[in-house]
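Here the chain labels run A, B and C in written order, and each chain numbers its own residues starting at 1.
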Amino acid sequence: MNLFHFILQNHEQVLELTLEHLWLVGVSTLLAVLIGIPLGIVSARWPAWNRPVLGAANIIQTIPSLALFGFLLPVPWLGDRADRLAILALTLYALLPVIRNTYTGIRGVDPAVVEAGRGMGLTDSQLLLQVELPLSMSVILSGVRVAVVVSVGLATIAAAIGAGGLGEFIFRGLAMVNNQLILAGAIPAAILALSADFGLGWIERRLQPR
Amino acid sequence: MKQSRRGWEAYRAVEALFKARWQISILLLLSLLLSSCSPPSHNDRIVIGSKNFTESLILGELLAQQIEAHSQLKVERRFYLAGTYICQQAMLAGRIDIYPEYTGTALTAILKQQVGGDKQQVYQRVKREYENHFGLTLGPPFGFNDSFALEIRGEDARRLGLKTLSQAAAYAPQWRAGFGYEFMERPDGYAGLAAAYDLHFASPPRVMDLGLLAPALKARQIDIAAGNTTDGLVPALDLFVLEDDRHYFPPYEAVAVIRQQALQQHPQVAQAVADLAGKISDQEMQKLNYALDGQHRDVKDVAQEFLRSKGLL
Amino acid sequence: MEQHATESTVIEFRDVAYTLPNHQRLLSGLNLQVKRGETLVLLGRSGSGKTTTLKLINRLLIPSAGDVLVNGSSTSKTDVIQLRRSIGYVIQEVGLFPHFTVEKNIGLVPRIEGWPADRIRGRVEELLQMVGFESKLGSRYPHELSGGQRQRVGVARALAADPAILLMDEPFGALDALTRDQLQREFLALQQRLNKTVVFVTHDLREALRLGSRIALMETGRLITVLPPEDFLRSTDPLASAYAQALAEASVPAANRGTS
């Protein structure tokens, strides 16, 4: 039977693994946004923090993902549940694009606008919330888009440590030397990544300041 | 005054946060929902997993067909999961409901405890710990033990009247031994065995690839090798497994690990699994392994044939 | 330049100096008073310290020495946010918020000051009229406006909360000569009507003569002289007369230059 029939026949499993995959990506991206955007704001506002924050995020990104999974496995609370570990690792990898783009976005706001805002008597937080963040939204979202696409890819590797998701099809297929199984995991994963890229890119363009 | 300015700023920051309270609470709610979300539970079906080697695959398929035949449940197979940790994680996350495991492996690799006691004691210990800590339980043993096995040529066993390792130890100085790398390195491998049975070989054992051990034994390049008790090639090549009469090797009884929640939801499963208790002997498992590894038959056919022969289908 | 501070002194500089972290002196020994209702022009070349002086008033810069007083209180002792909200600030690049409409731009300070919505709307309407805008342009975005229109919005925005003081940093410098002329005329009309205290920075003597009630000439961080426009052209101060000379020469058509 061809791939299409295979997926149709096993559609429940495909759906379940896809949902697992989305959950891994969704939670980790949300956490990366909740942590990364404030960190980006801090490093933009107080340049002294710029080097340590971006530097740390950079170092994390350099560690090969499978190695990071391996490092975290023996850690007590984390290693007990593979999905916890995977979400932590995915969050860490998603941090750099979010932090860096938040920093760039805020720094990239027209200095005249910032000066006018300051001169008018906007407080730092008003300036941030009403002017700088709205004007950086497009750039920040671009960082989130990169984070999501990277996460979809990394989540397939997370199956190697038992976190589930579409990667499980791929690994099982490899062990059984079964191409259909491999593709049943690889193709939905690729579609997920492409849709996320396309969808978020569309929103990004709508948000660009004129 | 710097202080009043900081206070003023902090007030305005809180004021801004307050103004955004709706957006913030929606965001918080979303994150809470997402984090408490767990993968969908299986209401009308049961998922059976297996590890990525032949014996585990056969046991998984036996469980699957048994449950299919004796309940209305839809059975989903998730075989070839890459190892003990992956299977355990899949069980904890509810992604699979049953998979075949070995008591000795559960004790050392998952519960991370020292081996000790006979097979009954080990079984009870694992069952208790699994029930207390993981919400998992064990089915009754399938009836065979898959542990390290010292093998000699069948003709030597018959000629010298050897049945146990203690008896064979006397001939050790005249024999050459061949072991796999892991068996040589593990503290509970060769080193412990030699101590337990007072084994002295003429020359140090040869370290070989696992797959080459049986042919080398047959070709008289070695006289004793360490394999698995249920190796498919044992009967085919007329090899003999020496009995571990001093119980050096821990028990590795094959059992089904089951999620307690799945049992509660589908009580029929318990009966289906219990029907397999004690139905597979060491020799029978060897034959099943050989059917796949040696004869390259399809696992579904082999499993069905076996279940019919036992009157379970 | 030593004038006694009177009740009509709105802004006062007492011995103010401003030095950069790298020890570069941008301003030294500045003593200056700005009277209520006057338009004080800070005139000078780039690097003369005029923009620095302006920014010390709304504390966008902090003096390295001396004291800046607004309405009698030192700026180091008043809450800086309240200070800035009570002073209108217009810069050359305008700095309109690109994601806000004209109306939202103008109404920003009233909004954060907590004015009721209809009061804000009314005030925005009033200001649009004041700067000669049709009210339908209120829902446009900054990128849809011309340079001159943008600066008009900038001025309206600065006047939104009806501040008594207006600071303007070369506001018409980036515009073409015709628009500049038009806006200067509109500024004069507005000043007639509103009578704000204005500190206006420019490097253009003609603009200074036209708009200022007094001209404060600055050079390399020092205040050289403060004169009303009519006295400026007759001044014996070497720098002032150099300016006047340059102005005269610039007004002569190219063909005639060099003959006198």
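In this text, a residue touches a chain if its C-beta (ideal position, glycine included) is under 8 Å from a C-beta of that chain, and two chains touch if they have at least 3 such contacts.
Quantities reported herein were computed from a predicted structural model and do not represent experimental measurements.
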### Task
Identify the chains in contact with subunit B as well as subunit C, in label order.
A
### Query
When the mean CA coordinate of each chain is compared with the mean CA coordinate of the whole protein, which chain is closest?
A
### Query
Greatest Cα-centroid separation from subunit A: which chain?
C
### Query
Per the centroid of Cα atoms for each chain, what is the distance between subunit B and subunit C, given in Å?
82
### Query
Approximately how many whole Å separate the CA-defined centres of subunit A and subunit C?
48
### Summary
Cα centre of subunit A to Cα centre of subunit B, whole Å, reads 35
#### Entry: Residues within subunit B bordering two or more other chains
8-9, 12
#### Entry: Contacts with two or more other chains, residues of subunit A listed in rising order
123, 126
### Task
Going through subunit C residue by residue, note those that touch at least 2 other chains and give them in order.
81
### Summary
Note: in the complex, subunit A contacts subunit B through residues 12-13, 16, 19-20, 23, 26-27, 30-31, 34, 80-83, 123-126, 129, 160-164, 168, 171-172, 175-176
### Summary
The subunit A residues in contact with subunit C across the complex are 110, 112-123, 126, 130-131, 134-135, 209-210
### Task
Would you mind writing out the residues of subunit B in touch with subunit A in their complex?
8-9, 12-13, 16, 20, 30-31, 34-35, 37, 39-40, 45, 52, 76, 78-82, 85-90, 92-93, 95
### Query
Which subunit C residues qualify as touching subunit A in the complex?
58, 60, 81-87, 89, 91, 93-99, 108-109, 112, 141-143, 154, 157-158, 167
